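The next part holds the structures, each set out as structure tokens.
The two complexes that follow have subunit A in common; it is paired with subunit B in the first and with subunit C in the second.
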Partner chain A sequence: MKKFIATLILSIFLNNNLNALIEVDITRGNLDPLPIAVSPLHVDIKSEKIEGLEVRVLGEKISEIIEKNFKNTGLFNPLQKDAFVQKPDIAHLKPRFEDWRLIKAQALITGKILVKDNKLKVEFRLWDLTAAQEMIALAFTTTPSNWRRVAHIISDKIYERLTGEEGYFDTRIIYVAESGPKNQRVKKLAIMDQDGKNTKYLTLGNELVLTPRFNPTNQMVTYMSYFRNMPRVYLLDIETGTQEIVGNFPGMTFAPRFSPDGKKIIMSFAKDGNSDIYTMELDSRLVERITEHSSIDTSPSFSPDGKFIAFNSDRSGLQQIYVMRSDGSNVKRITFGKGIYGTPVWSPRGDLIAFTKMHKGKFFIGVMRTDGTGERLLTENYYQEAPSWSPNGRVLVFYRETKAGDKGKGFSAKLWSIDITGYNERKLPTKTDASDPSWSSLLSK
Partner chain B sequence: MVRSLFYSITFHSAMIFLTVLSLPFMLREPIELPPIVSVELIQISDKTNIPYAPKARKIIEETKKKEERVVSEQAPPAAKAKEKPDRIPLPKEKEEEKKLVKKKQNPEEIKPQIRQSSEFEKKELVDTNQIAALIDKAKEVEAVKNKDTNKITQSNQKNSFATGLTLSEEDALRAQIFGCWSVPLGLPYDQDLLVRIKLQLKKDGTIMKSEILDHERMNRPGQKFYKVLAESALRAVRLCQPLKVPPTGYDKWKDLQLNFNPTEMLKG
Partner chain C sequence: MKLEKNLKNILLIFFTTLILSACSTAKKTGDIDGDVYTGKETVEYLASGVPDRVFFATNKSSLTSASRATLRKQATFLRKNKNLNVTIEGHADERGTREYNLALGERRANAAKDYLMTYGISGKRISVISYGKEKPVNPKSSPIAWSQNRRSVTVKVN
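What follows is the complex of A and B.
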């Protein structure tokens, strides 16, 4: 009995040490781009031409678009196709995982294209090569002319599956296309896919246009135009091409932007050297004054939940950024740093505000938390402004004017994008000079 | 009947007593262990020419001055004057020297002693306890910094101390996994992002079995980001294998838990 009790006591005491499991905390990792293999999509041999499209080469082209999209994010490293260990016809088979791992790929995309009833059916699969399992498999059926969009949608799905956040590839950017010398600049509204393809002009260039902004539903655009030398805010339906003036203001209206639900337009109205912020409901045309101050209040931007508005004002002397409730109450200044702050834009995620800062003759694009803390300047140049968020809140697009043009004189304005980490700054391809970009939300949402 | 009842009551009381005894023991925090690294550092500094920290140098110089002052009142033994200046005395001889120094003093024979004291001897004259204390202090400051940046808590370090991996073994393993883990950058940093993976390892460090401890969370609605994170962590572990585990003590580390938490990294 004594022995039994002694053993029992010992086992209880020893148990504490024996069961202890070694735990190691991993708090850091690498930010190297993820190596990914995008196999060309396999095309059914029977498929040849459809609506003037060479179906045979579509597999290659779609995989190229996906690759390009991934490379531009800076988060992925699409591997060279020469190193691929299997041919595209593996689309209906499980890949040889060990072989793909040999070329250091961590993920693999395979797929195939079929033509049925004059429609294009594109299937794809994403494979986790280290776990040797399928991560996602989807198929899309569409009219053949939509093949580029299918490539972007596939990119979005894969991006979301691998990073945990929505993609931003099936989107468009609206901007002001510029041409001609600075004193006779022709400015037209233009729209393009986020990768610079499919550029279309929405206005003829007879009037000066500025600050186009997308509606969250993407059908409408609001912008400022100097029609008959009267600067006013306009509304344009992209599908039908119809335009109308927003509100009946007895003066200049500018800096328009949609509310997150797309039902209101918020803008500035200037009269007698003073400008305040107003909203107008699109259905009822009801106008509401939000700020009432003797200073210049402009560049309003709603928070994604619609409860707050960020704007810039010179009420404290220098232009700074303020945040208030959407009814105009509880105005708080959030920037106190050296320099002038402007063009605040609330992130679609709601956690950050992007801005332009001017200090010591230089322009910075930066982000800060919504209470003004954690300011980070992402990029610096002689002249750059107007940041606009990608729909997932990861990338900013803005425009930059450089002193010298292509021939070494004059100036040039181009669109640039940068990741909110401050890395991966790149120039977007536009046919002409470009300014005032605005990024749409996901078209396929 | 009465007898069996008596046995039952006795046995139950014994069990309750034992439980009461053991519970506080289980609840108690593990004993805080002193940092081991500082000891290793002292050994290294004795044998290499790593320069001392400014504070340490100051103390060394002060001590030297004191020693010189003392030396100036001391007389070395007559035999020492005949020795070659560069000769490094053997430890036994040094002890004798010290003993002799404490003996009678003779001001006339100061110079040879000063000339004779090599760098090696000067270091010996320094109070190593003082340097050790300084290095310990510097280590503490560094530990606080680490705590701020990496959120590696004392309790985590203690855990591995108590259960088998030394700091350097743990660091090697951690560094290996850092290299393999591609952190998905789109994750929300204001949410709980801890992924715990339990591993069963073979002796060579390859993985026999891996299990995500909160795997049911992966399929919950609104936890897509957790799934992505857990998958990336698993990918890292698989890519890294064989893991850099110690060659001995297999029983201690055959079951290993890795806690992946990218919050600090995502916050930038």
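What follows is the complex of A and C.
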């Protein structure tokens, strides 16, 4: 990953036109998505052949990924390519704005690639067709095998220009891949690109693994494993594959997450029937006890400034969400609605907490302000839980399980996402059944 | 006057008892009492007449009188087999969040362990492990299946 960032030479020619007209409002559900034309990127005829890569159609493939990314946001409507009115190379130089407007496009993406000396050179432009202006022109160079990420980076830059918010396309999701019958599930850690491609398995499935979560730089993962039948929190370096147990606890540790600076892991430790919240500093191995209560305290999540911790506890009788200072002081219950509440996760923007709510035999994913007010339930189902935020705090990914019949028939677990507006609910493509998703931050900023 | 009031109270208590018992018989459908499984379908035996598991109500880890009777049989069995060690596995049903269920399973397993210890079984002979909702014995999504899955199971180690 580091290597990639090093070879990625971003040269930005931001054309900050103050009178550009197109803007996409992502704070509301968008029922009128912006019509956008994504021209295939023109492949320079000087491009060289590369083994295992069809350079000739690479420009088309990149544009297809961009289209898919945009379509999945629900905010854009990529137009059919057969209606396009200009060849890619000519449009890239200067679009005939009035012709593109005829097919009802409001924005146009054009680009050009050159594969030479085992390098992929990319440039692209975003055009505001109504104002007849260029909105972005950007060029960068990377290794040809990174061509999918090129598409995601272009998507992020354009999304950012049009919505005013960071994108979330050049990201990955780590999750638990599931297979086998419901009462003998095999679970492996898996990682994939946000669009479901490039799936890799990080464990073999010999032991039960649960709840993987990224650190802020996306190079480390903390998760729970039943290795040697000892349920403990582990730390995994994704690049080297080295794993280590976190701390030396005489009992089960679980529900791990990183602190926002990546220096600590916060988790629960269960002993003699009581679960409390602890942190361990990774460098010094210093363990600190954060809660001390005879109830179950678990699912801790730091606020992005590191000053507060949200968690769930059954100290009032049933599971509810609490917020405290990061030293464990000033514990306040924030959920008082009907039903029981769990899995609080602080938004990366700091303004909201996502949660799972259980009420009258149904499971809901929702968001609320950090003081518990303004609860909004986004989706209701038979079983769903464990929301994780997109890095821009606009989308949640979670997992959903179906009802099972006799002998577990009809059971499945899948990843789903939904915008915090409550719109755009969709199933993520995974190779196997899947649960416990964790969304990375942007891989290249 | 006072007597009349007392009589009224007694009658009131009498009727309440009637209603309550009617409720509990109404709830006792098949193998569930209230919310706790009382059947034998999934039960295995450590020895003849010594069931290996006890069942719990939703989100609860308290032992019912039937559970305590089972655990007393396990304690007697363990006292007779002094070299035997056990692991108590705590489980939850699928209707809770994963992390909370891990904690709940641990609490259930410890409830069983603590009870065995009050009957003289050394804590050193008993280890506990929670599987949360990860290892259902009955994979069906039904109230009976969930009640069978809310359990702690005593397993021989050696």
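The working rule: the second predicted complex is superposed on the first by the 404 of 445 C-alpha atoms of A that agree within 3 Å, B and C clash if a C-alpha of one lies under 4 Å from a C-alpha of the other, contacts with A are read in each partner's own complex, and residues count from 1 in each chain.
The rule is simple: a contact is a pair of C-beta atoms (placed from the backbone, for glycine too) under 8 Å apart; a residue touches a chain by one contact, two chains touch by 3 or more.
The structure presented is a predicted model; accordingly, all values stated were derived computationally and were not measured.
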Once the structures are superposed on A, label A:170 by its partner contacts, choosing first (subunit B), second (subunit C), both or neither.
-> neither
Which superposed partner A:31 touches (first subunit B, second subunit C, both, neither) | first
Figure out whether A:183 sits in contact with subunit B (first) or subunit C (second), or with both, or with neither.
-> second
Name the contact category of A:229: first (subunit B only), second (subunit C only), both, or neither.
-> second
Go through the superposed model and pick first if A:394 touches only subunit B, second if only subunit C, both, or neither.
-> first
Check the residue A:299 against both partner chains and state whether it touches subunit B (first), subunit C (second), both, or neither.
-> second
May I ask you to decide whether A:383 touches subunit B, subunit C, both, or neither, giving the answer as first, second, both or neither?
-> second
Using the touch definition from the top, say if A:195 reaches subunit B (first), subunit C (second), both or neither.
-> neither
Would you mind writing out the residues of subunit A in touch with subunit C in their complex?
-> 181-183, 185, 208, 210-211, 224, 229, 231, 251-252, 254-255, 268, 270, 272-275, 296, 298-299, 312, 314, 318-319, 340, 342-343, 356, 358, 361, 382-383, 385-386, 401, 403-408, 411, 435-436
Across the complex, what residues on subunit C touch subunit A?
-> 59, 61, 94-100, 102-104, 106-107, 109-111, 114, 129-130, 134-141
Subunit B-facing residues of subunit A, complex = 5, 8-9, 12-13, 16-17, 20-32, 34, 75, 106, 128, 130-131, 135, 160-165, 349, 351, 376, 392, 394, 421
Subunit A touches which residues of subunit B in the complex?
-> 14, 18, 22, 25-26, 150-152, 156, 159-160, 162-165, 170, 173-174, 177-188, 190, 198, 224-225, 227-229, 231-236, 238-239, 252-253, 255-265, 268
